[in-house]
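Next up: the structures, one after another.
Two complexes, one shared chain (chain A), two partners (chain B, chain C).
After this line comes the complex of A and B, so read on.
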């Protein structure tokens, strides 16, 4: 009964999320979100990189930055996807209360909604990476890719992002709509502290521990290592650790973040029920 | 206050006693009675209360708003129970508590045999809820898809869900819109879709919060008919609806609780509520000019308890309360003596509106205005 409730919640939520996200009826909008937006983000980065380094596209730093930025799309998609499901269902579709009274597992429902964005996000990530490989200097030698490591870390990372999203969803539940942007804010902060577009060593020393504490730091490192091996190891941040060690740290931190998230969600969920916030819409 | 029972569970429990299985046979009669009573109840509340903490400005202390107070209600299985009250009476608050969306601040409530606060997980599969006056749903999905999705959350097999959806849409008169995107529906049709969502999962107890709010007369009639048909199909189905349409409560409900400012003021069948108010017969009479017949002369008749006269262009309009209907003949006799012609005569039944006025001292509309200026 337990598993079937969870599975039912996840499956139906993912279906709903997919239908909402893949708005095929409007191919133009879909193209803008899954192709134009990520590509223009990458383009800005590439140009800025070119200006700052005076065109040093051969440096190992370039694929480091390019891939970090590409995979970071998942953070925005999955993590904020989970928390935005609360805002959308409560304010836009006015269905959150009906979800709440249904015999489903709400956290799993929200994870399902975020999970759907994984698929849409993957399209953007793939297009960005392919563009890098074919038109820019991002060398990925398919024969040398560590596929095992890649898929294991990708999967674990998505679960981790969705769980962090749950913490944000809890927070969103007990705050007003405009604070739904908390997801975006956290995503932006993680961008800086996870070594997405520059190694942690660039940060002032006192800020680095924040980066070392983020599971996303290790996740991005693993993805880069699995795809381009040595390039990632050219940077001192984590080079003294083996893949397995980094994977271990990432899993450990993910479990920690996951547990905290589930707990935060439970607390917020209780507060929402105590204060009648589940069906409260924002009045301006 | 305590609410008298429609089908007295006590009676029902005693009647059912012979169906006891051997394991239960050595329970004390009292215990059996209590268990049986509980089993025949769909909703039960005990001293239920809810206080909202209002967030004022930072300097002011937090204010508290008593939205519900000492609510004791019992609704038997199979009943159509109405909550009638003005804006802000606490109807939605009560429904939110009963549907596990909101915790009570005092007392407890059981729905379908389980505590709504502590055993929410066992309540949820057995209930559903629809609020009127809002258009919820996923605009991207068609009517069928919206409904199908919710049925999946309740674990209804897909094929069966589709059959139910078709049948219910047919019943409510919008089967032709099954494949319309819900964003393309009018507000009224969206509300009908939402109502179907509530019935689709075949809940043991269904809560409808102002289901006909904002609907036109035709749609209202469809919905009321739908509700009654659905209840008729299964004797165990229970429905609690809130409304501030007096007529709706009178027409539909087996029993009605009148609620104002968070308190249940009265609870009974519509007929009993009205009877309790007034045993007199009320007549509205239109006549030709009265030719000197005075109010005093009318009240002097032993059977006339109240008389009001209003002059009109063509004569007069009288409102008479009589101890019993048969006294009317004598009043008419008096008219004939004075050569007063009766142009029109209607007997007016007391309405739930009159009951509300009697309990609160104000009409529901006045109470709402009053509440807004307080």
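After this line comes the complex of A and C, so read on.
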């Protein structure tokens, strides 16, 4: 019964999320909207890189930056997507109270809403990578890709991001007026501390431990290594670790962050229920 | 208390502002919540400085990873500071009438005996002044964190460029406010879409001259493109700060854009107001 409720909650939430994301316009405009933003973000980095290196796109640093930025789209999509569902449902549509009294599993429902963003994000990631491969010499040899490592890392990473999103959703539940900023601020901070677009060694020494504690750092490293192998391994930040070791660290940190996230959500959910915050609107 | 209420009902209006005085008072009244009200929510100010700073840090570290000349760090800090203005124009000017409609205030604005243009000007003035504080904060943090230094070539030209850029930018915001009202529920998505592509086209984090000429020329329709290009030439006196066009040319173009956007915004606002009244869509709130 519980499994069925969870699956039903997830599936319905994912469908609802998809409809909310996509039904405001026609499919063509929606596709353009979903692709233009991430491609523009990537293009800023490409131009910055090209200006400084005078177009040396065959250097090892370029795929490092480009792929890190491409996969980072998932952070904004999945993590922020889960927490933004609270803002959407409570402040904008004013339906969160109905969700709470419906026979659904609320955390699973929120994760489902993130699932819809995952689909949109996946399209953007794919288009960004294909653009890099076809137009910018990002050298991904399909025969040499470590597909096993890629799919395992990708799946674990998405689950990890969704769970962190659940933690943010909990904070969002008990936050007035600033809930929209929470996901955005955390995503922006992780962009710096995960070494998404530059090796962690560039950070001041006292800030690097923050990056080493973030599971996203290892997740992005594994994705890069699985796609461009030796190129990614050449960077000194994590070069002394094998793929298996990095995977182990990522799984360990993901479990830690996941447990903390579920606990934080439960605590925040209780506070929100106790203090009548489930249907509170704070001037969205 | 009861006596006061009775007075309010029986006493005739002792004073009623009309014409220019009403126009100016409306501007001040609409600017007030932007300048005073926003500062009361200190934590919002924190977020509005923190978020651009995080983007600035990321791009600075990218340039550092590429061993770029230090001037580029300054370019990024300036771009980060100007981001505050663009986001303000996008979310608090362009989308504002749309939000007001959602919240039910738009009909009150239109019913009141004041000019809608004055309301938009008040929003622009208030937003501009309040955002200036955030932009200064981002610049100061950038200077302290990354050791950015400025070498001003001409204070007069810098003042002219900044002022014209702001007039043109907020004029564009006023124009877009009417346009966004027409877009209906797509407004949020359009505002959301107009971030990264504009950061790219306007060269927030790199000099615009590195874009193909016609792309840069097209992007010059956005006031921040030429404004930032001119300011970079005026505050970073180095071999890397050569601009897309000479500063004097950019000043003339910015002046033209300022006039164009303010005039178009006036006509577009009148059109939208007329359309909304005729079709009865002012109170409509579709999501």
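The rule we apply is simple: the second predicted complex is superposed on the first by the 274 of 284 C-alpha atoms of A that agree within 3 Å, B and C clash if a C-alpha of one lies under 4 Å from a C-alpha of the other, contacts with A are read in each partner's own complex, and residues count from 1 in each chain.
Following the convention adopted for this analysis, a residue touches a chain if its C-beta (ideal position, glycine included) is under 8 Å from a C-beta of that chain, and two chains touch if they have at least 3 such contacts.
Note that this is a predicted model, so its numbers are computed, not measured.
Colleague: Mind checking chain B and chain C on superposed chain A, clash or fit?
Modeller: fit
Colleague: If you count the residues of chain A that each partner touches, which comes out higher, chain B or chain C?
Modeller: Looking at chain B versus chain C, the one contacting more residues of chain A is C.
Colleague: First (chain B), second (chain C), both or neither: which does A:185 touch?
Modeller: In the superposition, A:185 touches chain C alone.
Colleague: Considering only the touch criterion stated at the top, classify A:49 as touching first (chain B), second (chain C), both, or neither.
Modeller: It touches chain C, and chain B stays clear.
Colleague: Have a look at where A:253 lands relative to chain B and chain C in the superposition and call it first, second, both or neither.
Modeller: In the superposed model, A:253 contacts neither chain B nor chain C.
Colleague: Does the superposition put A:228 against chain B (first), chain C (second), both, or neither?
Modeller: In the superposition, A:228 contacts neither chain B nor chain C.
Colleague: So, does A:202 touch the first partner chain B, the second partner chain C, both, or neither?
Modeller: Only chain C is touched by A:202; chain B is not.
Colleague: Considering only C-alpha centres, what angle arises at chain A between the directions to chain B and chain C, nearest 10 degrees?
Modeller: Angle at the centre of chain A: 80 degrees.
Colleague: Applying the document's definition of touch, where does A:108 land relative to chain B and chain C: first, second, both, or neither?
Modeller: Touch partners of A:108: none, neither chain B nor chain C.
Colleague: Tell me the contact category for A:93 with respect to chain B and chain C: first, second, both or neither.
Modeller: Once the two structures are laid over each other on A, A:93 reaches both partners.
Colleague: May I ask you to decide whether A:238 touches chain B, chain C, both, or neither, giving the answer as first, second, both or neither?
Modeller: neither
Colleague: Rounded to the nearest angstrom, what is the minimum C-alpha distance from chain B to chain C in the superposition?
Modeller: Between chain B and chain C, the minimum C-alpha distance equals 5 Å.
Colleague: Which residues would you name on chain A as touching chain B in one complex and chain C in the other?
Modeller: Touching chain B in the first complex and chain C in the second, residues 25, 93 of chain A appear in both lists.
Colleague: Under the stated contact criterion, what part of chain A meets chain B in this complex?
Modeller: 4-5, 8-9, 11-12, 15-16, 19-20, 23, 25, 93-95, 97-104, 273-276, 278-279
Colleague: Within the complex, which stretch of chain B touches chain A?
Modeller: Residues 52-53, 93, 96, 99-103, 121, 124-125, 127-129, 131, 134-141, 145, 149-150, 152-155, 197 of chain B touch chain A in their complex.
Colleague: In the complex formed with chain A, which residues of chain C make contact?
Modeller: So the residues of chain C in touch with chain A come to 41, 43-44, 47, 50-51, 54-55, 57-59, 61-68, 72, 185-186, 189, 192-193, 195-197, 199-200, 204-207, 210-211, 287.
Colleague: Please give the residue numbers of chain A that touch chain C in the complex, ascending.
Modeller: Result: residues 24-25, 33, 36-38, 40-41, 43-45, 47-53, 61, 65, 92-93, 177-178, 181, 184-185, 188-189, 191-192, 196-199, 202-203 of chain A touch chain C.
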